[in-house]
């Protein structure tokens, strides 16, 4: 990491303050409040507007201290965070322990309904801030507390955090958007702040015309080191992903071609020079309603399905360069603890698949396998191909059921067949791929989504949480993944791949393995305009 | 030769004398009363463009009815490894190539004809009936009938199709509609009909407002014709012009709307096949060098619509005696 | 067939009428040998078959004849307004020597309205329902002579006044459906007169008018004619009107002229049996030939004398003389030979084998 | 007539009430059946009841009636009406003012519609009249077939091909020929630019208009043919008027009732096309906003936007109905 | 009187009938600026088997009256009695039956035929509406006979109205009206577009039908000779009012109203020699607008008699007043609305003129020379005798 000071542009590439980066932004971004921002688009904006306690290494995704001077814990339960001195918000307010406590309390308070509320689950006093609801979801009891009891401002530069139990990965979480500090002025008028944030990062939001575009300019008094040299970032909001022609016409600096254009873009030598690629963090997998009796209750059936999917063929035909076949439950590259090949039955093997199905007792005559999914064209294409593959190999007729109320039906356990699922991690740790998805602690019902309960798995996760060091924890979590592999509740299908084409003015383009977005703080821009 | 009497035809039997007066005139009973429809049929048969169009329509109708005649490949047999094979020409395994998923394009075209055409005709037919009936009643009676119809039209016009489509989906998502052809198109047909009749109603109402004041309508009323008769025989035939102009293109509209609905999840659901779905999917690949994925289904659609347009226009002309 | 075209003298637009003086007796319009055919489902039908007539400045020619004998169709042919299913198969229509039918359509059209104007038979249908009467009256003035809006409005009132529509100033803003049948007919006449044409073809211009207004309108036409030396072709069934205003009469039967004569001669001694029967058929105001008394209950009045039989339809015109099946003088030759329209006396022509007999007999 | 208009305005208000109510019902049932839109907020994560309740409250979906399938939820409806009466159209799920959203989105959509309407009108009147005038000749066949051909292409195909095949080379060419910031370069921009709304909405508008024009061309042709058959056309010709004048004043004018109906319907029909066009050309407009709102079950936004659309529609319909009487004096309203 | 038959002899009777149309102005926002009194207080009776001729100025409300009679228009005021029964209070079924028994021939043969129906269908339509009129099998024959009856070629059943000439279309309209053998036929200028020969045939036909079937006709025409020929009684309308009515001979030979006299004098005689020396009693001035009818006697603005009287020597001359812009007329004419007064030999003959006597007196001569009109003072008051 690291960039130069404000004045000196290093080398011919840097165009100085007049240079502009033009990016696309999804139109459904509605807020820039850090506590409320949980999709990659506003996260990527906030990444230059705010500074977190830690930041992640673009290569390894290892966290390193940034606003924090140090983050320490004896027991992985009580954490002491020291904050660098003399830091301020763009409005002049100090960035101190109070600024963090203020933000975290606001986010954790249930009635504020912040999108990142759940990140604070592990901090002591979280439950008291949530209130009670009855079965119908009506609030029966107001929250007892307005502040997290586990949060203590020791002095302006020191914050002490007490967790409900040990968690070795806590420091890793702190670079996430939800943990950014906010100014008092921001909380005084949250609505204004959501549109025009008061950040502490190298850029400040100039104007945000919602639905149309967002402009950020460099904050000249930025005190820390990771500041780019160019002056302006312009985000144009897009309703869909239809921005490739704009890139071609020179109106955007970064873009990804649609599937049909992939081949021609790859064949263009000029474009190939301006191509960057890196592993992604998202996993697409296929799940089964284990809460229901069906052929899928048999693990052999699930294996049969998994081996019947021609992952490589599907990726090559539909999404070359955008996905890679998955053979594990945690993305192998870029996330601590990620390992390739943990899934033994993720190879396409028609014969083995047929044999497994045989073992499982076959598919009931005359039935159709329903595959539930949300309304997304890419996914529909993907799962149609999966369905075709299954039908081809196992002779199981299938039917796609794209529904708009996918999440609701899934939560209500209404699915009657296989369904697609996605996981995009919140912070780079293998734990985040496992615990939130599969752990439930409820042997009867299993987890909400698909009714899975794995005894060994739960034990390994718990052991990981209690581990003394992060390394140790990661190993434990890997054991959990191995347990999962044996139970085989879900079928990993594909991992995402991050890639971008960029314009001639861009150099030093590095993709964040985690969000897949270009690292704006590392980017160098020549002033071609 | 009649007796030349200056006082003219003698009193009784009026008509009798006159009939013999013109030699060479065919006896009155000889001329059967040909209907307008029969007339139209006679003149349509003779036009080459009509014949061509009929052949096209029959071709696709047969395709819809018996897709097996055109291909013996199962349209649902999709092998991802065979993805995007370019057309190989007739006689080969994949005469029209394969799509992204490795499904045979020809097989899909043949099997996609039925849902698409059935849907188009059901929707256009049903909305035509609803629209024409309501428009006719509104324009003819005015008063409260018009108020009710016009308000209903407005309400339906402003409620977005997509919103209603989504609602209907949620109403029906637990109802298993089955997988027969008609079941497959039931939901989209319902939605598109419910939100497709208003235009016809407005056009018909407008023309009826004009047509009902014409003298011959008054004349029919004076004859004691019932309102139904006046509407059907006198007002409607002279008010239907704009609507007949819209119908053939509406068919195309329905087939493309079906594609949008399919995407929403209430159209013809994949892996069921329809031209609409093929067009939507094909359009994604048209720029990547796989134009045939769009061209084939679109050509089927365009051909059908063109044929219908030719037929529709010819029919309209044939049914307008004033153009003779 | 000779076609005379004044080689390129005036391209398209005819010269303003002031350039061409009208003196009584100048031949303005001459129709010769006109034949019109319709294409129908039952084959072609000849609606007009060899019609000739001549219109002179300041004179009125009456076209009379059976309903359906081709009077309107021939007029439409003169105006170049035949429907698409009809076409002229023979003959010429010369306006001041130029054959209108040989001209390109636009040039022919340019003659319409200004040189040859027409009043249509069906007044309501012929008026545009969506334009005000005032607009339609002066449309040609505005579009062709570039008259201003205000001036044309004034002119519209004048024209409507001219044809005795009450309250003209107000009614020019009304629409045709608000006018009574007679008023519509007067509007038609007024609009045809708007451009001050050389020749006016009036197709039953007064059928919907009461006799007082009819008299007014006919007098008006006569005045205009006298003043401007306009040639008038009057198509009518009212032999009383013919007697009152026409100078010459052409009697048509089954698409062709069967008698041509000056009006007085015709009434005095018809030279064709059809004409004779027509004249006999006219109901007369004064004569109640039945002699029934005041008590209406008993005896019925007598019947009107009529020509027996049905008029031939253009599809089935009898051979020989088309009138022979209904003719009280018919002999064998009539069924086989078609008599030509031939001069039978000074200024009189008749298409009857026995015209001499007819004239002689009447004289004697 | 004056009374007719007053009555129509009152009826229009009633329609609005009805529309908002029907919408309210639809969206309420949708929520009751689909479950709370708040769930989508959590994506693949499963919220606790408390979290859900908090989000629901923020979305104004906390009224218990939303959990009882079949309950028409009159309370929230009345509340909403009250707010509307005070000009408060509420906020969307994310707390943004509906009026603010509309204020940003509506002008772009209206620009699009203006171009669509003009395209329709010009093409329809021009080509439709030409086809009617030369009925049965090759011009007629050509126009009809071409228009149907274009019409059979779904709008998204047209836009897609334009964007991916034509826009970039055209835009490059325009930039090199006329300069980077020239009007022409803007015309061919592959997507909308809020700074130059008219220039960048031109081509998409024309394409959308093109896609819908076939029906309109055919409509114009059909109604003009009807007029051509009228005897009054013969009268006009007998006046020696130029054919152009006859066509304009006696054919076009007499066939204007269906045309006006069509123009009246453009607005509502174009909205469906606008969803796609706006999405593909990245125009921030009513179609796209509504589409997202519908998909996100954003009740307040849906009802707010549709109410505004309904007002426009009701007014347009009223104008059209009045125009009928002005265009055809024979039409009388009781 | 002899012809005052029993009451049930009357098939159709109208009492004090009025019909007005609103006059609108403005292009978009139309306001009603007045009323056209198309028909204003007309009372008439039509007897079984008789013909009532209706003549009058164009625009005087004849067609409107006819339309009200057959029920196409609702009267603004007054009642229509058919067989003594008030039409407005009839049951639906009765009204339907009524529609069948009262038929109409429309004035405009061009617009009253559906352009999309073949002639056969048009003429057969009444059979379809009233299926009991002719058994289904015999309809084709019946249509052919009807066409034959009105002098059209039955081979033309498959043609469409636009393929016929004006007169032919008029005959189609007559055939249609005759199809269901109505009891009353309202003919609105049924022969105006026919040549005299066909006209004669049609009129003979109507007369025959009347003799055979006892039809009653309301016969509207401008051709007074035709009316005289066919009608038993005649009513003369002027500006929405009946100004004179009576049996034909009385009205024609001893007209009591100056308008009737003017009408008669204007009839063109089909004899050029005779016409040259005929003096037509031309009415001066414009026909007044029915939207704004003149005060007093509606005819006074154009009345030759009133003008004569005003310029004569009698008491009326002394009393004469100036109408605005118009001629001097006797005060009574300009202020008092005359009522129908009986005159002449029959009670049925009545005219609405203040100076009926004066007009009758000059009626003796068929074409009165205005100069020889006797001084009204010397004319005995008809009511007095």
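Per-chain numbering from 1; labels A, B, C, D and E assigned in written order.
Keep this in mind: a contact is a pair of C-beta atoms (placed from the backbone, for glycine too) under 8 Å apart; a residue touches a chain by one contact, two chains touch by 3 or more.
If you want to know which protein each chain is, UniProt gives these names: B = Peptide ABC transporter permease; C, E = ABC transporter ATP-binding protein; D = Peptide ABC transporter.
Small disclaimer: the values here were computed from a predicted structure and weren't measured.
Undergrad: Suppose you hop from chain A to any chain it touches, then on again the same way; how many hops at least until you reach chain C?
TA: Tracing touching chains, the least step count from chain A to chain C comes to 2.
Undergrad: Which chain pair shares more contacting C-beta pairs: B-E, or A-B?
TA: Answer by contact count: B-E.
Undergrad: Could you work out how far the Cα centre of chain C sits from that of chain D, in whole Å?
TA: Centre separation, chain C to chain D: 55 Å.
Undergrad: Could you please state the distance in Å, as a whole number, between where the Cα atoms of chain A are centred and where those of chain D are centred?
TA: Taking the average C-alpha coordinate of chain A and of chain D, the gap between them is 38 Å.
Undergrad: What whole-Å value do you get for the distance between chain B and chain D if each is reduced to the mean of its CA atoms?
TA: From the centre of chain B to the centre of chain D is 24 Å.
Undergrad: Would you mind listing the residues of chain B that make contact with two or more other chains?
TA: Residues 8-9, 11, 18-19, 22, 25, 39, 166, 170, 213, 215, 284, 286-287, 320, 322-324 of chain B touch two or more partner chains.
Undergrad: At least two partner chains per residue is the criterion; list those residues in chain D.
TA: 33-34, 164, 229, 231, 295, 328, 330
Undergrad: Hey, what residues on chain C touch two or more of the other chains?
TA: In chain C, residues 40-41, 122, 124-125, 177, 277, 303-307, 310, 313, 316 touch at least two other chains, as defined above.
Undergrad: Which residues, counting only chain C, touch chain D once they are in their complex?
TA: For this pair, the touching residues of chain C are 76, 79, 81, 106, 109-114, 117-118, 120, 122, 125-131, 139-140, 143-144, 175, 177, 188, 191-192, 194-195.
Undergrad: Contact residues on chain D for chain C in the complex?
TA: Per the touch definition, chain D meets chain C at residues 230-232, 234-243, 245, 249-250, 253-254, 327-330.
Undergrad: In their complex, what parts of chain A are in touch with chain D?
TA: It comes out as residues 27-28, 30-31, 38, 110-113, 115, 117-118, 130-133, 136-139, 191, 194, 209-213, 236-240, 242-246, 248-251, 261, 375, 404-405, 407-409, 411-412, 421-424, 436, 448-449.
Undergrad: Write out the stretch or stretches of chain C touching chain E in their complex.
TA: 38, 40-42, 64-68, 71-73, 83, 121-125, 161, 164-168, 170-171, 173, 178-183, 204, 207-216, 218-219, 237-244, 263-264, 267-268, 277-279, 281-286, 288, 294-297, 300-301, 303-307, 310-311, 313, 315-316
Undergrad: In the complex formed with chain A, which residues of chain D make contact?
TA: On the chain D side, the touching residues are 33-36, 39-58, 62, 64, 67, 92-96, 100-101, 104-105, 163-164, 167-168, 171-172, 175, 189-191, 193-194, 278-280, 282, 284, 288-289, 292, 295.
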